[in-house]
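Both complexes below contain subunit A, partnered by subunit B and then by subunit C.
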Partner chain A sequence: MSSVKTTAHSVVEPTPTVKRIAGAIVILYALVTMIPLAWIFLTSIKSPPDSISYPPKIVFTPTLEGYCNLFTTRTRQTPDYIQALPAPSSTCDEITRGRNMVIAGPSNYWPRFGNSLLIAFGSTFLAVSLGTLAAYGFSRFRVPLADDLLFFILSTRMMPPIAVAIPIYLMYRQFGLSDTALGMILLYTAVNVSLAVWLLKGFIDEIPREYEEAAMIDGYTRLQAFWKVVLPQATTGIAATAIFCLIFAWNEYAFAVLLTSGSAQTAPPFIPTIIGEGGQDWPAVAAGTTIFLVPILVFTIVLRKQLLRGITFGAVRK
Partner chain B sequence: MSEVVLHRIGKTFGDTVAVEDLSLTIRDGEFVVLLGPTGAGKTTSLRLIAGLERPDCGRVTIAGRDVGRQSPAERDVAFVFQQYSLYPHLSVYDNLAFPLRSPARRLNSDEIDRRVREVARMVRIEHKLQSRSTRLSGGEMQRVAIGRALVRRPAIYLMDEPLSSLDAKLRAELRLELKRIQKELGSTLLYVTHDQVEAMTMADRIGILSEGRLVQIGTPREIYADPANLHVAARLGQPHINLLPTDLLPGAAPPSGASAIGARTEHLEIATDAQGNAEVDWIEHLGDQNHLHIRVRGHKLVTLADPYLSIKPGDRINLTLRQPLYFGSDGERLR
Partner chain C sequence: MTDAPSTIAERSADMLARATPTTIAVRVRGLSDRAIAWLFITPTIALLLAINIFPLIWAVYLSFTNFRANRPNAEVEGVGLRNYQRVLNDPDIWIAMQTTAHFVFWTILLQMIIGFALAYLIDRKFRGHAFWTTVILIPMMLSPAVVGNFWRFLYQPQIGLFNYIVSFFTGIPPSSFEMLGSVTLAPWAIIIVDTWMWAPYVMLICLAGLRSIPDYIYEAAEVDRASAWRQFWSITVPMALPFIMLAVLFRGIENFKMFDMVMLLTGGGPGSTTEVASITLKREAFESWLTGRSSAFAIILFVAVFGLANIYVKALNKVKQR
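Let's turn to the complex of A and B:
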């Protein structure tokens, strides 16, 4: 019994062995979850033959071919034609010529990636803004039928996207919103706003209303009090909610496939359409996926403290 | 001048009556304390004056204006809350400056700076102006909260148990400081508490609230020595007033209709006497004084006694009443 130490909070301090086992489990779990990511990254720097060789190659010569193929469109040429060209101006030029091809122009990857950025961040901004206002309303005012309304808001998340896909498709065609960034922003906002309202209501409920009351007595209107006193204290919740909304909007595939095809297409439906000669160009697909991961990774790292609190909120008292 | 008048105010929350037919005048420069137990309507009264709640009926006037339709910001009041008093995302300086930076006031920054520093000196927090408000101790926080009210010169200061979350020593200190500052500024102040010591030491007048009604209002001395009924008598005095049958002890001259005698320490004369009418049950030694638990024919009394009085549990003493309070069967005082 003497080996059990207790802290001031009278929580039993884990022994070094327990800590080591726990650490090992966490590391193992992290490794397992990171294998697909590592696989994607490694595939992105393999040559097309290496990428489909069986058994999979662990040791291989890395190449940027996947990235070159991702960013460009190419045409096949005769060796004589290629011989006659001036010296290659870039690494990609050189790699492409090695496959008896020349670069014909840029691919659609960056425009699609740009669409993803615009639509995901745009809808996240809207969903979080609207969600914050709605959550504040539900938290502070006596809204008639508040519980029913909240349930209704939540219920919009209860069915799979495919269930509402056809009505939305028809509606969007009618209103001219098909294949527009605005249409996608509105759609993702609508889907995310329910999550935002529920998450943020929890956070705003935790902010004592005395702060706003104090501000209102101190000479501010309710809206000014909301802006100056409630918002600064809700930043943690807002950041956590923004991450969840962004991840959803960034990764969304079903609606994007159905509603976008050209100018407003996002990256997720575009990436699988990258086709090389003689089948799927797996390194290019993997390269597209790798780059696609970067924004969400950066955003999450920047806001990770808030995210952690967001996931555990309710369980932790300030 | 900033006289504040409540005229026949009523407020209910659902089925609960919070305040009923409350009329109260707080004169200019006066320190009024509302004393009552939890749920007596103290906080609601403050919130009604501040405009955080709207009364169901009745009228509130501040300095002669009917403020019924005005927002809290327009009413020119300052409020100190019981807790959650500081904006946690702001420094002490910014907390104190917050009311002055409001769109309703728009003071220039030199004036703001001057007043923030002046108030910081007054509540003795100058050395912590740049600290985050969450880094302060409880006493410092409450001093800043009071400072944030004092930084303005409102018609009235409203304070909702501002000292209740502090420990006894700090409470005693801040009590004195608050009274000193109020005198210095000559400000009008309505203070709510359930602590009779705070009420007795700070108030010009005390109002006793019970179940949403103002039972009695008067100077601390009047309220203590001349309570209107049993409820008021029971609010004040430590130890609690003893309620006895009219014929239990000698020295009483009950008026007709009296059904109970209220006896505090000053109404009881103790004499050591082996043949006395009472028996000492138990003695609590508080150091500077003793709590004497006495039994008289099945009735228990508690009174203060000189710590040097040489008695011990089991001793008999003689108890005589000296001008006690008389109450009718409805709890009203009989004089």
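Let's turn to the complex of A and C:
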């Protein structure tokens, strides 16, 4: 903030005209970059013919067909067969019959989404737990070769995922971890723990040592002081770190596509494989994408003050 | 409190503990600080050794063999440095490296220009700038794979929104160009999506740089009657430079590894025009199953990223010290 706040117009304060022009350009940019996201949502509530019409439709009758197609698998039937069926039991039933099809069963979307949740939360919990302990260790104690160890922890993140995936693939095949949630949780934990250690060390460095020292003079052991004094102070930092780990694991594609194929597959490798009759079913893909992106939108807004720290591994803190 | 008590100190603390009231005794009889330090750090190091370093060593071993993962029972023979020779003499791999360099160069250049410009404008602190900053940041938080997949739809020649908007403003018929199918346009299709996604990242780091410049420097420049242009080049740019360089480092490392977006947008095509190093590696390792050879390639890539990043960090530290 300005150090000469007292004067009405500081020399470094931009003039109203400059502000207005700057604001207009930034808002225009923001709106343009939101178009693809708006289009994802709009496509998700279009019918398949509307979604591929030319020119692209902005005004259309919204339908849940994309979501129905995302959640179900369907088979084509003759109109006579459909006529003979009892009245439709759900909206999706009705929509599907309108296309001369009947619902054959649920699709794989929710199981894949569930895998994403399990793997993301599991690995985040582990990475943040391990990371908090290690960060406290590095922050408060003189660890031999601390800088080398910290750099080693960071450097594990520089490897292209495909390069890491080759030996991991072989190792997992050997130990029966291929296509298991446990394997993916361990892998994502290992990737995220480097971020967690670096971020949390920064957060814990900011908590004055005097707090723990006071607690220890009052009779706490080091562990009690860590548990009852440091952890509560670090809650914001831990929460921010957890969200970053969660987002990484949630978004990850390269490892997931190479190491999972069936029961442990997460949503990112699954969504591109959603197809309908005669090519990609874009409303269904858009519906799956929308549901997948909503949690991230919420987290981005929650995290906005900590984003800078997270994306730079704590290198930039302001 | 001392950080790393010596054993003598520990022993005397223990003796002291026995002779003192319980509250102090509880404190000193707990685990020693050094024990806690190791107890806290070891699990992380152990996990990284198991999931990162052990596989890396295995990859180094494999890179000297003719092992193929799809033939686990075939006899494994050592081939010495032959894999490395082959990789370094393979023209396809050099083309992939050039493609990667091309992507890294253009994405970083565009992201730096757009990111810095946005940061500079946001730093004019117009009303509502905090809200719009958050809006701009949204794309970088999303999954490159899932969103990249949807961009494939936007780039469809006849029905895609991208082609429609381009034709709306230029008059070129929307079905006359294929962003993903054309040899000249496909690299740009990927560069556009990458820039859309990551320019906000650069913006955020540059914004921190601009905000770190104290106002009094500008005030002093104003007193000296330095022009706005002069102030920009003599104060703003040099003082924000360490931040800009940091952004280049992070984006450079990430884009060198670029995989998700390319895989989903073009899969390396058309032909091999967008085949970056990661895609070549994936093809060799998981489609041709040349495990030994692809391990050698992986090691070469790792050494390259690591070496370049190290040189760069040294340069960055020099700029910071200035």
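Keep this in mind: the second predicted complex is superposed on the first by the 265 of 318 C-alpha atoms of A that agree within 3 Å, B and C clash if a C-alpha of one lies under 4 Å from a C-alpha of the other, contacts with A are read in each partner's own complex, and residues count from 1 in each chain.
The definition used in the following text is that a residue touches a chain if its C-beta (ideal position, glycine included) is under 8 Å from a C-beta of that chain, and two chains touch if they have at least 3 such contacts.
No experiment lies behind these values; they were computed from the predicted model shown.
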| item | value |
| --- | --- |
| Which of subunit B and subunit C A:V164 touches, first, second, both or neither | second |
| Touched partner set for A:Y211, first subunit B, second subunit C, both or neither | first |
| First (subunit B), second (subunit C), both or neither touched by A:S263 | neither |
| Subunit B versus subunit C as contact partner of A:L186, first or second or both or neither | second |
| Subunit B versus subunit C as contact partner of A:Q233, first or second or both or neither | first |
| Touching partner for A:T91 - first (subunit B), second (subunit C), both, neither | neither |
| Contacts of A:A134 with subunit B and subunit C, given as first, second, both or neither | second |
| Touch count on subunit A, higher of subunit B and subunit C | C |
| Common ground on subunit A, meaning residues reached by subunit C in one complex and by subunit B in the other | 213, 216, 218-221, 224 |
| Subunit A residues touching subunit B - in the complex, by the definition given at the top | 208, 210-211, 213-221, 224, 229, 232-233 |
| Interfacial residue positions of subunit A with respect to subunit C in the complex | 2-4, 10-12, 14, 18-20, 22-23, 25-27, 29-30, 33-37, 39-40, 43, 51-56, 130-131, 133-134, 136-138, 140-143, 149, 152-153, 155-156, 158-171, 173, 186-187, 189-190, 193-194, 197, 209, 212-213, 216, 218-224, 226, 247, 250-254, 257-258, 267-269, 271-272, 280, 282, 285-286, 289, 292-293, 296-297, 299-301, 304, 307-308, 311-312, 315-316, 318 |
| Sites on subunit C touched by subunit A in the complex | 1, 3-4, 23-24, 26-27, 29-31, 33-34, 36-41, 43-45, 47-48, 50-56, 58-59, 62, 69, 118, 121-122, 124-129, 132-147, 149-151, 153-154, 156, 158-159, 161, 164, 174, 196, 200-201, 204-205, 207-208, 211-212, 214-216, 218-219, 222, 243, 246, 250, 253, 256-257, 259-260, 263-264, 277-278, 281-282, 285-286, 291, 294-295, 298-299, 301-302, 305-306, 309 |
| Residue ranges of subunit B in contact with subunit A within the complex | 50-52, 71-73, 75, 77-79, 81, 83-85, 87-89, 98-99, 102-105, 148, 152 |
